[in-house]
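Each in structure tokens, the structures are laid out below.
Two complexes come next, and they have one chain in common, chain A, joined by chain B in the first and chain C in the second.
The block that comes next holds the complex of A and B.
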């Protein structure tokens, strides 16, 4: 092998890479939060059993789960572009990730709701709590606890999937790496370091997730 | 006063209550007995609007429970209910379980709500379990927690739906003792139960339900001690 490694260009660009890594985290976390809210709404719509709304939720969930993430991204990028709706790369990635997260999380949440006995709703309502109080205080906290680990997995997936963003010109971690590599021709070195940065991000998320779990969900256990 | 006038209730084509008439006065303890599927639980659910009715009306202190303009959340503050499955909220301590509704439904301050909760828990004998999570308590303790939680709303009426039938036999006594205590304090109660000797002991009246109608109602000495209906006699001889 006559390839000689040159790491100096990589170190010089490290601040930019780390900054791009932070951007990756930002967009992934935002997409996760949006995904949780939207996924919760989709789960409620599905459970409501109202025909005129359920087809919408079902279509969303089925598309998110059964088509390539790349196509979902292109839909928000080039697809909407064809209709004259031009979004910035950041918004395209945020929309596509949120759409995808919401679809997966909706099903996860639905399973979580089914695991909470509906006698809990009756007990709360019999105390005079409104529907909203019942769900926000009694049911959803229990659901979040049940679905916590699948939710963490979705968060990791959301980070990794954001790397597709470079295909719509988003300079997140992968996009930035690609850009730097093409300027310096140190392709292997750049992507090796970037892999390490992704690894660190994922570990940070898992660590944060562990702390959140410890703080909020350890209570009431065995 | 709870007034039930000619109430009928169906689940789809299954008619579960077929014209129930019943009055429960303030301070009265009414036990409801009857075979499985006779509509006892359903009647309780109708009284606090957890189930709609198809005919007749139910009034609690004059308020039409199923009236279009009735605020059921407000109504339910006056009617406590305890279920067969004790339904503790597993993500909260005992104290939080009881303090939540006074705080968010009645608008008490956090300190007031905790004080009410501590008092009610002490009342049912759980004064030393305030910071325990329900999963670490026995069924009997969790059922007493559910009673304290309902009492913390200071209801005028209490509905009990077979609160001992999911309990291990050795835990039944402590819950029945709690019910007895409430009856002695003058709480107005409707008590669905399979504990016939207990019903006889605490009730002012006993109603025997059969297939969605009240077959027989009267003082326990009559309905349990000397029933007139053949069906009542047969039911009592089966459960004894």
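The block that comes next holds the complex of A and C.
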């Protein structure tokens, strides 16, 4: 083994890497929020039973779940380019991640809705609540509690998937690392530190998720 | 003006449209994807079940060290792992080709994911069942192989299929190292034909054809076992 590790170039770039790590978190969280909204809509559409709409939602969900995230990313990046739609790397990654998150979350939400008994809807309705009130105050809070852990997992996946942004020229943590590595030729060192940063980000998110769970859902447990 | 026409004519001969032959090329590349995924899943599952068993029996020292290592494989993006190890093997004097490096990383990635699934499967078997088997005279290993694994398999199968399908799709990332599997092949074709939409759609259809049937079969199996 005649390789000398050079860590100094990495330390010099560390502030930039951490800043890029924040960008990673930003895009992952945004994609997650969009994914939750879209996934909720897809779940509702799929449960509504209208044929054309169901077909649309099913296509979305099955495509998101059965093709690689990288392919979806390329689709938003290069595939749309064929129609003259050129998006910035940030938007490409955000769209692809939201698309993917929505597909997975829709199935999660559907399972969650099925776990809440139908009688709850009827009970709330007979108490004089409107549909909107029933769903926003009775059903969805229960569903969110049921699907909280799968949602946390999806959030972690969202962070991990955002690393694919480097392949469409997005300068988040991975893209920044590749850029810095190509300038200094210390590929191993840079990617080792990046791996550590990703580990820390994932742990931060799990910690945050635990705190949110403790704050909102601790009542009525045990 | 005439110059630009000239360039246009040249590029017309340089880029050629999508042909039927290319479909066979993509099908061959899908075979590569299937091969690397099958290798990674089968070897990774063996390791993963072993790790899962270690996690379920060891007290906190063993569980903490192994758990930490496996957790790292789960918490770092696969693409970073691939680039990291691809650049690490030459450092220890073992330069590997993209296929070998990609397979090794995918095996460990699969093992890390399967380990937690296997551990859950093993722990889903009631302790009373295991004790009953032991008191009927089965040795520890007999009990593990004839009682715990078959019962645990049932509860672990859906999660395991999820992992396997995930690895099949994640194997697309090996293209980053330069191994020509389905996604890499589609990129090569895009460079030649300049028709990204149709080629990505076809590549997506190949992935779908590999992944969707397995997902459906498992869903059905799961439903049958539940009822």
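In the analysis below, the second predicted complex is superposed on the first by the 222 of 222 C-alpha atoms of A that agree within 3 Å, B and C clash if a C-alpha of one lies under 4 Å from a C-alpha of the other, contacts with A are read in each partner's own complex, and residues count from 1 in each chain.
Following the convention adopted for this analysis, a contact is a pair of C-beta atoms (placed from the backbone, for glycine too) under 8 Å apart; a residue touches a chain by one contact, two chains touch by 3 or more.
If you're wondering where the values come from, they're calculated on a predicted model, not measured in any experiment.
Trainee: Is the arrangement of chain B and chain C around the shared chain A a clash or a fit after superposition?
Mentor: fit
Trainee: With both structures superposed, pick whichever of chain B and chain C touches the larger number of chain A residues.
Mentor: Comparing touch counts on chain A for chain B and chain C gives C.
Trainee: What is the contact status of A:188 with respect to chain B (first) and chain C (second): first, second, both, or neither?
Mentor: A:188 sits against chain C, while chain B stays out of touch.
Trainee: Now for A:91: first (chain B), second (chain C), both, or neither, which partner does it touch?
Mentor: neither
Trainee: Figure out whether A:199 sits in contact with chain B (first) or chain C (second), or with both, or with neither.
Mentor: second
Trainee: Touch test for A:126: chain B only (first), chain C only (second), both, or neither?
Mentor: first
Trainee: Classify the contacts of A:137 with the two partner chains as first (chain B alone), second (chain C alone), both, or neither.
Mentor: It touches chain B, and chain C stays clear.
Trainee: Rounded to a multiple of 10, tell me what angle the C-alpha centres of chain B and chain C make at the one for chain A, in degrees.
Mentor: If I round to tens, I get 110 degrees.
Trainee: Which holds for A:117: it touches chain B only (first), chain C only (second), both, or neither?
Mentor: Only chain B is touched by A:117; chain C is not.
Trainee: Under the stated touch criterion, which partner chain does A:30 make contact with: chain B (first), chain C (second), both, or neither?
Mentor: neither
Trainee: If we overlay the two complexes on their shared chain A, which of chain B and chain C does A:71 touch? Say first, second, both or neither.
Mentor: second
Trainee: I want to verify one number: the closest Cα approach of chain B to chain C after the superposition, in Å.
Mentor: 24
Trainee: Taking the complex as given, what residues does chain B use to touch chain A?
Mentor: That would be residues 45, 48, 50, 73-74, 76-77, 79-81, 83, 85, 87, 89-93, 100-101, 104-106, 133-136, 146, 149-150, 153 of chain B.
Trainee: Which of the residues in chain C come into contact with chain A in the complex?
Mentor: Going by the criterion above, the answer is residues 72, 75-81, 83-84, 87-88, 90-93, 165, 169-170, 172-173, 175-176, 183, 187, 190, 195-197, 200-201, 203-204, 207-208, 211-212, 215.
Trainee: Hey, which residues of chain A end up touching chain B in the complex?
Mentor: Within the complex, chain A contacts chain B at residues 117, 119-120, 122-130, 133, 137-138, 141-142, 145, 219-222.
Trainee: Contact residues on chain A for chain C in the complex?
Mentor: Its residues touching chain C are 1, 3, 62-63, 65-71, 74-75, 78-83, 156, 159-161, 163-164, 166-167, 174, 177-178, 187-188, 191-192, 194-195, 198-199, 202-203.
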